[in-house]
Amino acid sequence: MAEIVGLREAVAEIVADGDSVAFEGFTHLIPFAAAHEVIRQKKKDLTLIRMTPDLVYDQMIGAGCARKLVFSWGGNPGVGSLHRFRDAVEKGWPKPLEIEEHSHAGMANRYVAGASNLPFAVLRGYVGTDLPKVTETIAPITCPFTGEELMAVPALTPDVAVVHAQQADRKGNVAMWGITGIQKEAVFSAKRSIVTVEEVVDEFEPRPFQTILPSVALDAVSVVPNGAYPSYAHDYYPRDNAFYEAWDPVGRDRDGFESWIERHVLGVEDFAEHLESIRAEGMVKQ
Amino acid sequence: MAEIVGLREAVAEIVADGDSVAFEGFTHLIPFAAAHEVIRQKKKDLTLIRMTPDLVYDQMIGAGCARKLVFSWGGNPGVGSLHRFRDAVEKGWPKPLEIEEHSHAGMANRYVAGASNLPFAVLRGYVGTDLPKVTETIAPITCPFTGEELMAVPALTPDVAVVHAQQADRKGNVAMWGITGIQKEAVFSAKRSIVTVEEVVDEFEPRPFQTILPSVALDAVSVVPNGAYPSYAHDYYPRDNAFYEAWDPVGRDRDGFESWIERHVLGVEDFAEHLESIRAEGMVKQ
Amino acid sequence: MSGNGYTADEMMSVAASRELRDGVVCFVGIGLPSEAANLARATHAPECSLIYESGTIGAKPEVLPLSIGDGELAENADSVVSVPEIFNYWLQAGRVDVGFLGAAQIDKFANINTTVIGEYDEPKVRLPGAGGAPEIAASAKEVIVMLRQSPRAFVEKLSFITSVGYADGGDARGKLGYPGSGPSVVITDFGVLRPDPETKELTLVGLHPGATIEAAKEATGWNLKVSDALETTAEPEERELRVLRELKERTEAARKAG
Amino acid sequence: MSGNGYTADEMMSVAASRELRDGVVCFVGIGLPSEAANLARATHAPECSLIYESGTIGAKPEVLPLSIGDGELAENADSVVSVPEIFNYWLQAGRVDVGFLGAAQIDKFANINTTVIGEYDEPKVRLPGAGGAPEIAASAKEVIVMLRQSPRAFVEKLSFITSVGYADGGDARGKLGYPGSGPSVVITDFGVLRPDPETKELTLVGLHPGATIEAAKEATGWNLKVSDALETTAEPEERELRVLRELKERTEAARKAG
């Protein structure tokens, strides 16, 4: 059963040093506010799991929260590289980053297996690619009925899943709509969960392609307006493409990055202050 | 891409003697109209696949369409036995019926595997029960990562899936809502599909828990108002519980059954006439 | 009808409803379990979340569903999901606290038969089959079973094991690797049975008012063990009886109208 | 800019868009493939159904998405489903007619690298990685690849095989057991390459107007084979160019506003 609590309290109670954590949101509804709270609370040695690391993990990696990254596509979409991710992989700064690399289909099915309490998932993939040479968590498996050989990948079972959604009701049921990606599976695969939402409402309206995460499947729900910025929340605010472009020079330089994190994440109280602080520097268009 | 065609034409073109067919709908939206059309066209040697055979398969079995039944729960819900099903299993009337029996979880995962183009699915089940002694399509499988033993079941890949839904749009996209059970997986696991709908609309309204089957995943869409009667169509008409109770004495007796099928299915032109004909005999409450 | 105006079936439903703690996630079988679970929700357990295998989560039916997928179940549910999702993401994933099952036959180790009486290939009675029961029995953290006690239902040896309770007893269930811990209680029209902590054999631990040890033993197809600390079930409270009867009246009225 | 007012990149997008037949289900990669697929949808293939890996089916974007999950994609889609469903029920299930991919590097058998340049453990360039490409390459009935031709992109040996084209050529792909038949065409800024029916080696079968065999060979890191029946690509029609430019202008405007 979800409790509706402040984000600071939720992160303090639910995320521990050394945890494996999955922040999900496929371009849409990326939980930036929760990630910043993790950075502010200086959580460390985290295994970060996410299909598309995006800026959210570039920031957490650069801030030194991560020991390992499990992922399938690491870029700044439509812009270029994730420089903090590359600096950690290529140069070990601020600390070495172990990586475990899959395809999207592999990651998605690993979450499904975790959500289903199965130790592995099966798919048609990886054969003939070089991924099995560099990733240990891929193994052949034979169909007991047809003898056909397929590939197995182990379940993802993060200690904590963190997602952002549009709305919660007063009982802590959560509604998200638009592109909902892998969020349900991430939450269901995890031992504990935090959901940030734009707002709490008395009742959900029917929406196209709406997904409900029932309260009984969740632990903490925190209200954080604009909590997915600079990604977007369908029917609330658009993606700030300009921020994604502006991130490129910030992330490119170690000192510039550290100064940015200090000014806009570590040096502020919460996500509302973060938004004010980047707006004051002209980094926000909205 | 779905064509919007008459049900008679759809069944004639899409269902062949000897096919494996899955008529799905979990209490809700059971495709009775399509089943009657199959009976009227005297299709035979069908392998009938369905989690809950219900009256719809009791009628098809009694009418001699079936060679085999793959299922997980065969009863008249809240009423009692399916007498035609039992007569076929126990006495071989009107012809012997081979059965392949699973649990709901097994059947559901078999459809998921079929929909995913995988030869098998994995679940935690069957161990310690007598089902593996009587059902050949259950086999142990070992996790290549943990060594844990689980159970595998082969994919269901029906030749034809048949479901009923509330609405189609003019392009043949289909919307269903309320309890949607296993219908999406049944359609996606099948080589061909027929969807009957209550009506065609210009545009779908958002509905709670709505599922869309895109036109490109379908073959034939046929408009049949009340096509799920005596089961129900959420927001259209309720379940006719009285018909389910009235079925018990009809199904109990071979002659009574044959006469009923002759009068109300074989002897009518279409489902609208069927409804008139049972209403004339006082069998319909609605 | 017992002395003070309630039937043995009503006592059974009330006793079973009391086993459901408030706030739990309960996977409900149709029939008697559904009646008891909804009685609990309408009395002492308003916050329990009822799941039906048709895919409804947090169902709040006003009348008892005749089938497992009545529209009533979806109407005010917190969520409605697909059947694979209910079985994989909820039941198998260990999100169900209590599985609430009926049965045609049960043995002394709380294994359940809902498949056939007699030989599988030449059955005396062909029952409906497994449905959701095997995986509910496997994966719910705890299982409550309710069925009327009789020598034909409480048998020494099942014709068919559809759903596993404690297998051959002792630690046999543990070796099967199921996530759930098995049946914690069996509620009948005579009383309450619980598995012995060691042997896992079902033991009579409670008698409903008016029932006797002798009658309970006669209604059991094996030599039923009786607890030294046998308790007597508290009679149905007025509110429990009223709510149960109103629920059944509403259900009957809806069924006739429907 | 070529003589009559279009760039080589525009020619590439137009040529790629022409490969998409109307009515097909197309799984679209972001960037150049998305541009070409939406050009096709806005010209000769209005009924093609565009799928993006974020879960949108029948997406109809008015501007090109910057990322694979822009809200624009969900807005008018026929359906929006979860990521597992897109990969399992659509792509792996064989419901995708055409996979439309970009690449960082490609080899003569149309295998693709989007992972690293150099050694995996000490990469010269760390690329984004696999994303959806390996399974698109595996399971789409047919694959269209588009990328700019250069010796660094068209290489004799890939640093890393992220997605399989024809493996070592010949019938090597068949032995991998994938449902799809592999890349049918590679569109570049120089021309059109197709796999030899026997050896599966990419062969230059078409040159865009103004391009030469020599230039195409120089832009290729292996000894590029040239078809005896080399064709010349038809120049972009006025409508194709206009629609492409309007699409890009709308996209640029939305990006600046957004």
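Some notes on this structure:
Which chain is which? They are A, B, C and D, in the order written, and residues in each are numbered from 1.
Simple rule for what comes next: a contact is a pair of C-beta atoms (placed from the backbone, for glycine too) under 8 Å apart; a residue touches a chain by one contact, two chains touch by 3 or more.
Keep in mind it's a predicted model, so treat the numbers as computed, not measured.
Chains that touch both chain B and chain D are the following: A.
Here B-C and A-C are compared, and the pair linked by more C-beta contacts is B-C.
Averaged C-alpha coordinates give centres for chain A and chain D that are 28 Å from one another. We define each chain's centre as the mean of its Cα atoms; on that basis chain A and chain C are separated by 41 Å. Mean C-alpha position of chain C lies 57 Å from that of chain D. Residue positions 79, 88, 92, 139, 179 of chain D are each in touch with at least two other chains.
Touching of two or more other chains is recorded for residues 117-118, 123-124, 148, 184, 208-209, 212 of chain A.
Touching chain pairs in this entry, ordered by label, are A-B, A-C, A-D, B-C, B-D. The touching residues of chain C, counted against chain B in their complex, run 30-31, 53-56, 66-71, 73-74, 79-84, 87-88, 91-92, 115, 120, 122-123, 126, 128-135, 138-139, 160-164, 167, 173, 176-179, 255-256, 258. If you check the complex, the residues on chain A that touch chain B are 117-120, 122-124, 137, 139-141, 143-146, 148, 150, 152, 154, 204-210, 212. Residues of chain B touching chain D in their complex: 1, 115-118, 171, 173, 184, 188, 212-217. Chain D makes touch with chain B in their complex at residues 23, 25, 47, 49, 57-58, 78-79, 88-89, 92-95, 139, 179. Residues 26-28, 51-52, 71-75, 77-78, 81, 85-86, 89-90, 101-105, 108-109, 111-112, 123-131, 133-134, 148-149, 178-182, 184-185, 208-209, 211, 232, 234, 238-242, 244, 285 of chain B touch chain C in their complex.
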